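Shared between the two complexes below is subunit A, which has subunit B as its partner in the first and subunit C in the second.
This part shows the complex of A and B:
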């Protein structure tokens, strides 16, 4: 059970610059292709949609000349105190590996969906239907990601297989697999982001860009007051974006700045 | 007295069928079930690891090597074998079979792999390099043998009988991580270490 903050020497994390994100959705596409998420049979049915990474639209709700929008990509936030972990009756999800990625072993999941109820970020998805790929597309599946059957919960794992391969490469080159350089391991969405809005690295390592960015006064975490300590930071110089990121009421001021 | 004696013999008569049935059930369980469950398969070609190592001085790495990106190449392909065997080197029928039926036709040899893991397992050879493949208990010791063992295929799951079981992985991961947590920081018994 994880009800306390899990500390790791390595903490993989992301800083997403919401002022740079154009909402193009390349990260969503990259995620779907990389992680063998089947194309939806009926995309109009939002309750059955599978998108480990979702781009939300934020609006400051002001009339025209002052109107402003921001786009917010939301992967699994890999919380330091994950709500999904203590509620799992079969320990299919856990945060116990160096790197601080909240794991999800789909083969172990019994589909009770307690984790989905517990996650305040809606980062988990339930397979209502068996995945169906168009004929021939099975050849494009990533062999390092298992496909999930109907009846299990799945989520973003920061492309965990890429982490494993980065470690293997380091081992073969005679480097320490626990001291990866920046860029050795990046998830598909970060690699694909055309504007460079997503930055990935070790939050604990001062040599990584995310370390500095996450400490910026413009950085915030989603619903920070829930105290889940996510390892995904957002970054925006616009105050209204930071306010919405934590559901601030109108009369409240944003902490930090 | 007579009645008591009668009771004794009838009790023996009752126990005996149970005993026979018990032995029959054990025999079926230990001998019969594996016969039913596993089908025997032989490799497409005769291959001797011992000759390659002892007569020609090859090492394991010559065929089972790591690529530069850290991935393990696994079994050698036709091109690798054809570096020496592009024409029959001896008069063994399988030498000729390899060249004529596989190499010249461009068909990869369908070797049976004893250790293929299920789809939801991520196994890194690079992380286990320092362990001897055979003595660590992961593979049968084919390196020093002259013939390849029989391949037992589970008729239901289609997996090899010799596929390493999860409890074997777990046992080692639990002990090494507990003994030397610093050295094996990347190898705890966490599910995601092996599962994908």
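This part shows the complex of A and C:
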């Protein structure tokens, strides 16, 4: 039954410093442009809007003046044990390629949305409406990511096409495509972040910064107790942020620190 | 034949088996799968070679470096440039949406003229320019009959406007309001820069430095570099402001304060510093300053006006004293409408620390040489107060000009009390050089659309807030502009020539070439090896040499850290004491209004771009209603709850909104975002929320006579 639980030599992952993220949203716009997501006329209906990466605002819920906020960018967390994969009846989503990125084959998706129901992070989006680009704006579509029709589920793929380009480049330069250096492959959101709050690399490779950061006592993963083993780590020195990120109850202490 | 149960089952089973063996059903499932995923209106991707073009962003005054990614020659995405000191690979949400704005439905597709029924009809460029020339010729020689409103704070285009107006006998070249206006009241020559990168304690008064103030992306980079992931921070950032905005939320400490009272807190800190024996003997007016501060800005008084506890003020003074290189940044929370008092008061703290022209301190930056004959000096253009002028025209105290030229600005939306601006503009011939169909363009008699910065040559000189003088170029990424647009610089030169006004150039490109050539007068360098802040800290850069134009037009960034002239040290005691805020409570309008600006909501002249809409949270806008924020105690005091409809009323205007309970807003205060409530533009930005500029109230600051509105007050009531 656990055929999909494959182990990978390379695990691409992120560490996002929530103390450093200012919540500006440059990553969200960069993601939209990179992945050909059509602009919505009314984005206020969040159930129907499409944002592969979403920046949430966290609050320590203290009254003024002791209030504190943190911003949490949430891409697809690329779980080590993804809930979305076993429920897909047509194997449109899978985690099988070296790198450990959960794939999504748009052309195979039948829109049943089981994966959305299974994902505890709301990282998957259903294309409720036809994607419409204003006249001419379709010229700004990048050739890297196919456009998706209405009726399929979409999600963040860590800009997988950039991974392919980085591997191709390594091959051309005579390097091992399975031993990319830090910085060879970076998703659009990480590259554009103006404060450098997002760090990207191979979680298994000790030479990459994320490897060490993910082991920091301040690092945590969302809803860790569900054991989905996300490849996105968050980092915060503030205890209340870690508590909320991991859904700790009032009386519980945060693990690690 | 009788159909019994047995034969029925045989028939049914045979039928099922038959269906499985026929290809029809499998073929039709396959077809339907293909059909359902091949909607003809879903665009096909176009392939082509990938390339990058380095340019500079003109969507807001921050002047970030952008790399425009192209595929087959089509711009597809904007990325931050790693080799540009003002972006260092980062980008803001507005800049990231720049390429898609090229095709925003709000683009003006060609020159247009207003008809009797108020609609705009396309005309040719020849007709349009002839019309502009005719209108200007009518005003030639009449004093101050032509006025220009420019939304481009740092482009050479302002020299052309100013010289053209000079030739017509007018001196009305205005910039849209910004921090540079207030700074110009303190510094007559040059501008003020902030050496963030070398500071180890940054105290920002009001200035929303991580979002909408100054060189925002560079500020974020400096903040990020000082807070490396997984390591100890090397600098502390403290934000003093009314709301926990982007800067307040990200800074190491947020100190909530009544809007407009930042200067009082600054002098409250100065009180502690002076009591502790700090001095600035090099300043001529030190003793006057000392007496004024110690007598008036006592802890009790400061607490009453600012709402900040005395211990907190003392603690801030202690932190400043123990820091090695403290930097104090003055500013208004909306980067406009602040007074000289707050600005000068915060700036004076820098002088107590002997921070002027020192590493990690404030810098006096030289203005780049002027190249258009007859143009006013940049400092003179910066110092003109548009809001006061518009008010004067509306009140009939200043004669109404015959023609308004509006360039990359949207005064009928983005000036405080836009109805006053409408009154001042009414009856004059209004020419709009806007790229987009904004509120001012809708009212304009003549539309002469300028291409976007991705389609034209333009420049950025030392953006406000930068720590060094700089110059970079914007250049066309595509061969032909998408629509029938013409660079405004070329239009102005053509019209000037027809009016027999010699501006000395044939095309705007030549003006820019002359500007670049004039840079060699200053000690500048390219930032390919040494960054300006490293140079200031002692690293020696190689002086810029070779063909400057070739380098800069290909994307090189020119910077200078030259100190322009010895500045006489003054703490500004006279101006601070003259402009001090009145010690009075306004009970008619009891609630302070903290307006909020953010690049998510566009900039002063760009409405929320289509690609930025998903950034707006559920508690920022729902459908067409937007939210104003207040803390739970304030809401309780006015009988309001989350999601209640509320009316904000100022002395001149009101607006409707819903209530968002947000504890990051101070007492008796309501925070409201600027940039909503557009009535023009396109379906992506139109009719969303309401325009807070309507509620802002302009008052004249005593002593400086400057129009200020950052400290507006309102009445709130359940609607």
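To be clear about the criterion, the second predicted complex is superposed on the first by the 251 of 257 C-alpha atoms of A that agree within 3 Å, B and C clash if a C-alpha of one lies under 4 Å from a C-alpha of the other, contacts with A are read in each partner's own complex, and residues count from 1 in each chain.
Just so it is clear, contacts are C-beta pairs under 8 Å (C-beta built on N, C-alpha and C of every residue); 3 or more make two chains touch, one makes a residue touch a chain.
Computed from a predicted model, the values in this text were never measured in an experiment.
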Touching partner for A:170 - first (subunit B), second (subunit C), both, neither: first
Partner chain(s) touched by A:157 [first = subunit B, second = subunit C, both, neither]: first
Partner chain in contact with A:79 - subunit B first, subunit C second, else both or neither: neither
Which superposed partner A:103 touches (first subunit B, second subunit C, both, neither): first
First, second, both or neither for A:146, with subunit B first and subunit C second: both
Partner chain in contact with A:123 - subunit B first, subunit C second, else both or neither: neither
First (subunit B), second (subunit C), both or neither touched by A:18: neither
Subunit C versus subunit B, contacts on subunit A by residue: C
Partner chain(s) touched by A:49 [first = subunit B, second = subunit C, both, neither]: second
First, second, both or neither for A:178, with subunit B first and subunit C second: first
Common interface residues of subunit A - those touching subunit B in one complex and subunit C in the other: 107, 146-147
Subunit A to subunit B touching residues, read off their complex: 9, 91-92, 94, 96-98, 101, 103-108, 144-147, 157, 160-161, 164-165, 167-173, 177-178
Residue numbers on subunit B that touch subunit A, as the complex places them: 66, 68-71, 119-120, 122, 124, 126-127, 129, 185-186, 188, 190-193, 195-196
Subunit A residues touching subunit C - in the complex, by the definition given at the top: 15, 17, 19-26, 28-30, 32-34, 36, 39-46, 49-51, 55, 57, 59, 61-65, 67-71, 107, 130-143, 146-152, 188, 191-197, 199, 209, 212-213, 216, 218, 235
Residue ranges of subunit C in contact with subunit A within the complex: 36-39, 41-48, 50, 69, 71-72, 74-80, 87, 89-93, 95-97, 99-100, 102-105, 210-211, 216-217, 220-221, 223-225, 227, 229-230, 244, 246-247, 249-250, 256, 482, 599-600, 610-618, 621-623, 631-633, 663-667, 682-684
